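The first chain written gets the first letter, and so on, giving A, B, C and D; residue counts start at 1 in each chain.
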Amino acid sequence: MAAASISVTESSLVLYALRRADDALILGHRLSEWCGHAPMMEEDMALANMGLDLIGQARELYSYAAKVEDNGNDEDRYAYLRDVRQYRNLLLVEQPNGDFARTIVRQFFYSAFADAYWRAMMGSEDATLAAIAAKSEKESAYHIRHSSEWVIRLGDGTPESHRRAQDAVDDLWAFTGELFHTDDSDAGLIADRLVIDPESLRAGWTDTVTGILRTATLACPGKSWMQKGGRSGNHSEHLGHLLSELQSLQRSFPGATW
Amino acid sequence: ADKSARFEARVANEERIEPNDWMPAAYRKTLTRQISQHAHSEIVGMLPEGNWITRAPTLRRKAALLAKVQDECGHGLYLYAAAETLGTSREELVDQMLSGKAKYSSIFNYPTLTWADIGAIGWLVDGAAIMNQIPLCRCSYGPYARAMIRVCKEESFHQRQGYEIMVTLSHGTPEQKAMAQSALDRWWWQCLMMFGPPDGESQHSDQSTRWKIKRFSNDELRQKFVDATVPQSDYLGLKIPDADLKWNATTGHWDYGAIDWQEFQDVLAGNGPCNRDRLAARRKAHDDGAWVREAATAYAEKQRARRAAVAA
Amino acid sequence: MAAASISVTESSLVLYALRRADDALILGHRLSEWCGHAPMMEEDMALANMGLDLIGQARELYSYAAKVEDNGNDEDRYAYLRDVRQYRNLLLVEQPNGDFARTIVRQFFYSAFADAYWRAMMGSEDATLAAIAAKSEKESAYHIRHSSEWVIRLGDGTPESHRRAQDAVDDLWAFTGELFHTDDSDAGLIADRLVIDPESLRAGWTDTVTGILRTATLACPGKSWMQKGGRSGNHSEHLGHLLSELQSLQRSFPGATW
Amino acid sequence: ADKSARFEARVANEERIEPNDWMPAAYRKTLTRQISQHAHSEIVGMLPEGNWITRAPTLRRKAALLAKVQDECGHGLYLYAAAETLGTSREELVDQMLSGKAKYSSIFNYPTLTWADIGAIGWLVDGAAIMNQIPLCRCSYGPYARAMIRVCKEESFHQRQGYEIMVTLSHGTPEQKAMAQSALDRWWWQCLMMFGPPDGESQHSDQSTRWKIKRFSNDELRQKFVDATVPQSDYLGLKIPDADLKWNATTGHWDYGAIDWQEFQDVLAGNGPCNRDRLAARRKAHDDGAWVREAATAYAEKQRARRAAVAA
C-alpha cells in the first residue's frame, strides 16, 4: 500500500453511500476545526458534539460502501486516500467556517435537510441504510434544534449579529440547491426504493428554513442561481486545502498502521 | 474561633465541607485558586491536543481525539462550576487566566510536534494528572471531590487511549517507533515536573495537607508515577531519557535523575515554547466570540421583555 | 521512491547547508502566502520578490547539501520529503505571517542578520558557500532596506500601526537569540573557516536593530528569555501545518515527476 | 468638430494618440473601461493561480509560479498606470472593481482544483489572452499599446511554462495524465468564451474597430485560438472535450461545436463558481490593508512636515 490515491468502483449504491459519507466527514471536520476556539465553552462542547455525530455517520456510511464495493477499501482508505476530484460531498459543507454565524447558518441549512432526510430514509428498503438513518435521525434532530436556536439568537440579537447572520445566509444560499440534486446514478436507487427522492423533501425544507429565518428577523433570499458540482467532484478551492491537512499523515507514512 | 474549631474538627474527621458551610477565608481562597487553576488547565489543555484533531491519522483516532478534547472542555466547565460555589464567577476566573494573572499547568506550554505527542500526552500527562487527582476525590471540599471523581474516571479512559496509541506506534514502522521515542524524550521530564517542586520547597503544602486538600507530598506522587510508568515504557520497548534511572531493591522504587528545576521556573515565568501562543489563542477565541455572547445576551433580554409584556 | 520521508546523513557541512536552506525556504514560503492578499499591490510585488530570492537561495543551498551528502537526495527530496522533526530552520522564520507588521518585523529581524551574514560568508574558504553568499548578499541588502523602511513607517505612522509594530517586536523578540546559536556541529566548520561564527555578528545586528527601532519610535525589548530548538528539529506547532500544505502533492503522488 | 476630424484622421493613419492629445469623450471612456477591466483581470487573476503557490510540487515550479503571479501584479500596475493617463485614478478604478461595478475577466471565476489547472491556465487562458492582446500592441492609444507589448512578451513566456507543465503531466503517471485531461475538460469551453460573444452580438465592436482599438472580430480570434490549440492538444495526447471538433479542409480551419452562451451570461451575472470568493478575497486584502496604507500616508506627511520645518 502506498500513499497514492486509491481507485474506487463507483456503482450507484457505492457512490450514493460515499456522497453522504463525504458530506458527513467534511462537515464534521469543519466543526472539529472550532475545537478550543469557540465563542463560549458551551459551544466548544456543542460543535464537537455535532462533529462527533457526523464523523460517526461518515464511518458507518464508508463501511457500508466498502462492504458493497468489496474491493479492499475501508473507511480510512476512502477518507484518507482519495484526492479532491474523488470526493463527492456537497459544496455547502466544504465552505470555510468563517465567523460563528457562518458556521451556524451552514449547519442550519444542512441539518434542516438532514433531519428530514434521515427520517424519510428510515423507510429505505436497504436494511443497512435504514439502520444508519434511524441512528442519524436522532442526532440530526439535535443538530437542527441547536442550529435553529442560534440562527434565531443571532438574527434577533444585536445589529452586528444580525448583519453577520444575514451575510452568512446570503453567501451560503447558493449552495442549498445541491441538497435536492439527483442524477442518473440516483435514479435507479430511487426507483428501487433503496433511497428517497430528495425532491420530496424540498417543500418541508423550505418551510423549516423560511419559518426560522422569519422568526430570526432575517430575509430569505428566495429564488436565485444555485451552485452545484460537489457530487461529481467539481469542488470549490477550499476542499483541497482541507484535504491536505486531513490526509497529511496517511500520505506521509505509506502503509503504516495507526 | 468556635466556628473555626468546628471546621477544623469536621475536616479532621473526614467530613465534607459544602458551599453553604462556614469555612475560613484562607481555605476558600486556596481552593478557589486551586480549582480554577485546574479548570484553566483543562481549557488551555484543549489546545495542544486540538492541534492534531484535523490531522488525526484514522477516523477512529479522529473521533476519539475530538471526544477527548471535548471531555476536557467538560471538565473545565464543571470545575468552574465547583469554583463558583466558593463565590467567584466563571467570568472573573476566566478573565484572570486571560490576563495572565492566574496560572494553568505549565505542561501545556509545550508543543505537540507529531502524532506520537498525542499518545504521549494521554499516556504520561494524563497519567501524571490522575496520580495528582485521585487523592483529590477525597478532598475535604465536597463539590471539588465530586468533580474529581468524574474527572478521574474520564481521565483514566483517556490515559488508556493514549497508551494504546503508543503501543500501536512502538509496534509500527521504524519511523513510527522513532516518533514514539522522540515524544517520550520530549515529555518525560516535563511530566515529572507536573508534581511540583520537591518537598520542602513547596509553598502551600502544609496547610493544604491539614485541610485534607493535599494527601500526598509532591515527591511521593512523583515516585508513584515513575514506578508505574517504567514497566509500561519497558513494554513499549521505549527508553526513558534518564541515564540515572535504576531499580532500587532496598526501597522497592525506581531511582531517577535530577530534575532541571530551572526549566520549570522558566516556563512558569512565561518562557515556555508555547506560553504566548496558548494565551494568544485563548484570547483570540474570547475576543472573536464577544459579539456572539453579546447577541445571546441581547436576545435573552428581548425574550424576557416580550414575556413580561405578555404577562402584563 | 515512495512518499515516505527520506533519511539524511547529516555531516556537519550537510547539516549546515540544510539549516540555512530551510531558513530560506520556510521564510520564502511564508512570504509567498501573501501573494494576492497584500495591503497594496506594490507590496504584493515586494513580498513576492523577497520570497523568490529566498526560495532561490534555498535551492542553491539544498543542491550543495545534496552534492556534499552524495546520497541520491536533491533539492526537492529535502524540501518535500522530510518531516517536521527533520527540518532545521530557525523558529523565527516559521512564525505565522500574522498582520503585515508581524511579517515585516520578522523579515527585518531575519534580514538584519542575513545581510551581515552573507557579507561575512563571502570570505568562506568553501568556494560554493562563498559564491552563494556573494549572490545572496545582493538580495539581502534589498530585504533589509525594504523591511527597515516599513518598520520605520509603521512605527512612526499612526497610533494603530505603532501598536501593531510594537506587538510584533515584543512577540518575535524571543526568537532572535537563535540567530546567533551554534553547536558542536558548527564548531569544526568555524575552526576550518568554512563558515563564520555568528557571534561575531551580534554587535552589528544589535546596532542595526536598535537604531532602526529607535528611528521607528519603537521600544527595543532588551535582554530577555530566548527561545531555541529549530536547529535540532524542535519546532513550534506552526511548522507542521505549513509542511502539510507545502508537501501535499509530493506526498500524494509517490514517485511522480512534475 | 475640427478636432474630431483630425483625431479620426490620425487614427485612420495609424498614428498613436498620446495622453495630452485631444480625444473624443467616448474614446476616453471606452479605453478607460477596457484598460481598467484588463488591469482588474490581472489582479483578480492572481487568486486562482496564487491558490497553488504554497502547494507547487517542486521548488522550481514554486518559484516559477510565484514569479508568474508577481508578473500579473506588475501587469496590473502598469495597466492601471496606462488607464490613469486617461484621467481616472487607480484608487477610483480599484473601488469600482471592489464594489462590483467594474468587471474583470470571467475566466477567473472558475476554481483551480488541481495542479494541472495551473498548467491549463498557462497554456489555454494565457494562450487565449495573447490572441486577444497581440493586436492591442498596435492599439491607437499609445500608453495602452506600449503596455501591451510588455505584457504580451511576458505572457508568451507564461504560456510556454504552462504548456510545459501540461507536457510533463501528460507524459507522467496515469493519475497525472487524468489530472491533465480533467483540467482541459474544465477549462476548454471557458477559454473559447474569453473571446466574447459571437460577432454581431458584440456591443462595442464597430466603434472600437474604427478607432483601431479592436482589429479582429471575436469569432476571428476564437478561430485562431482553436486552430493553434488543437495540434498542441494532439501532441499532449489529450482530448478536447468537443464531439463536433473536426478539420474543415475547405476553410482550412478547425470547426468546433456550439458554445453554451447561457453559462457565459450566468457567470457574467455573478453566478460563476468563484465570483463571491474572488471579490471577497480582494475586499479582504483591501480592508485588512487599510491601516497599512494609512500608516504610510501618515508617515509621509510627517516627513514632509519635518522637511518643511527644517527648510523654514
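Just so it is clear, contacts are C-beta pairs under 8 Å (C-beta built on N, C-alpha and C of every residue); 3 or more make two chains touch, one makes a residue touch a chain.
Every value quoted in this text rests on a predicted model; they were computed, and no experiment measured them.
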Both-way neighbours, i.e. chains that touch chain D and touch chain B: A, C
Of B-C and A-B, whichever chain pair has more C-beta contact pairs: A-B
Rounded Å distance, chain A centre to chain D centre (Cα mean): 36
Separation of chain A from chain C, taking each centre as the mean of its C-alpha atoms, in whole Å: 41
Multi-chain contact sites of chain A, meaning residues that touch two or more partners: 4-5, 83, 244-245, 248, 253
Contacts with two or more other chains, residues of chain D listed in rising order: 55, 175
Pairwise touch network: line, ring, star, complete, or other: other
Every chain pair meeting the contact rule: A-B, A-C, A-D, B-C, C-D
Touching residues (chain side chain D, partner chain C) in the complex: 43, 46-47, 50, 53-63, 66-67, 69-70, 73-74, 76-77, 115, 165, 168-169, 172-173, 175-176, 281, 284-285, 288-296, 298-299, 302
Interfacial residue positions of chain A with respect to chain D in the complex: 4-5, 83-85, 171, 174, 225, 227, 229, 234-237, 240, 244
Residue numbers on chain A that touch chain C, as the complex places them: 2-5, 83, 241, 243-245, 247-248, 251-254
Contact set on chain D toward chain A in their complex: 48, 51, 55, 111-114, 175, 179, 182, 186, 266, 269-271, 273-274, 276-277
Interface residues, chain C side, partner chain D - complex: 25, 29, 32-33, 35-45, 48-49, 51-52, 55-56, 58-59, 62, 75-76, 79-80, 99-100, 152-154, 156-158, 160-161, 164, 245-246, 248-250, 253, 255-258
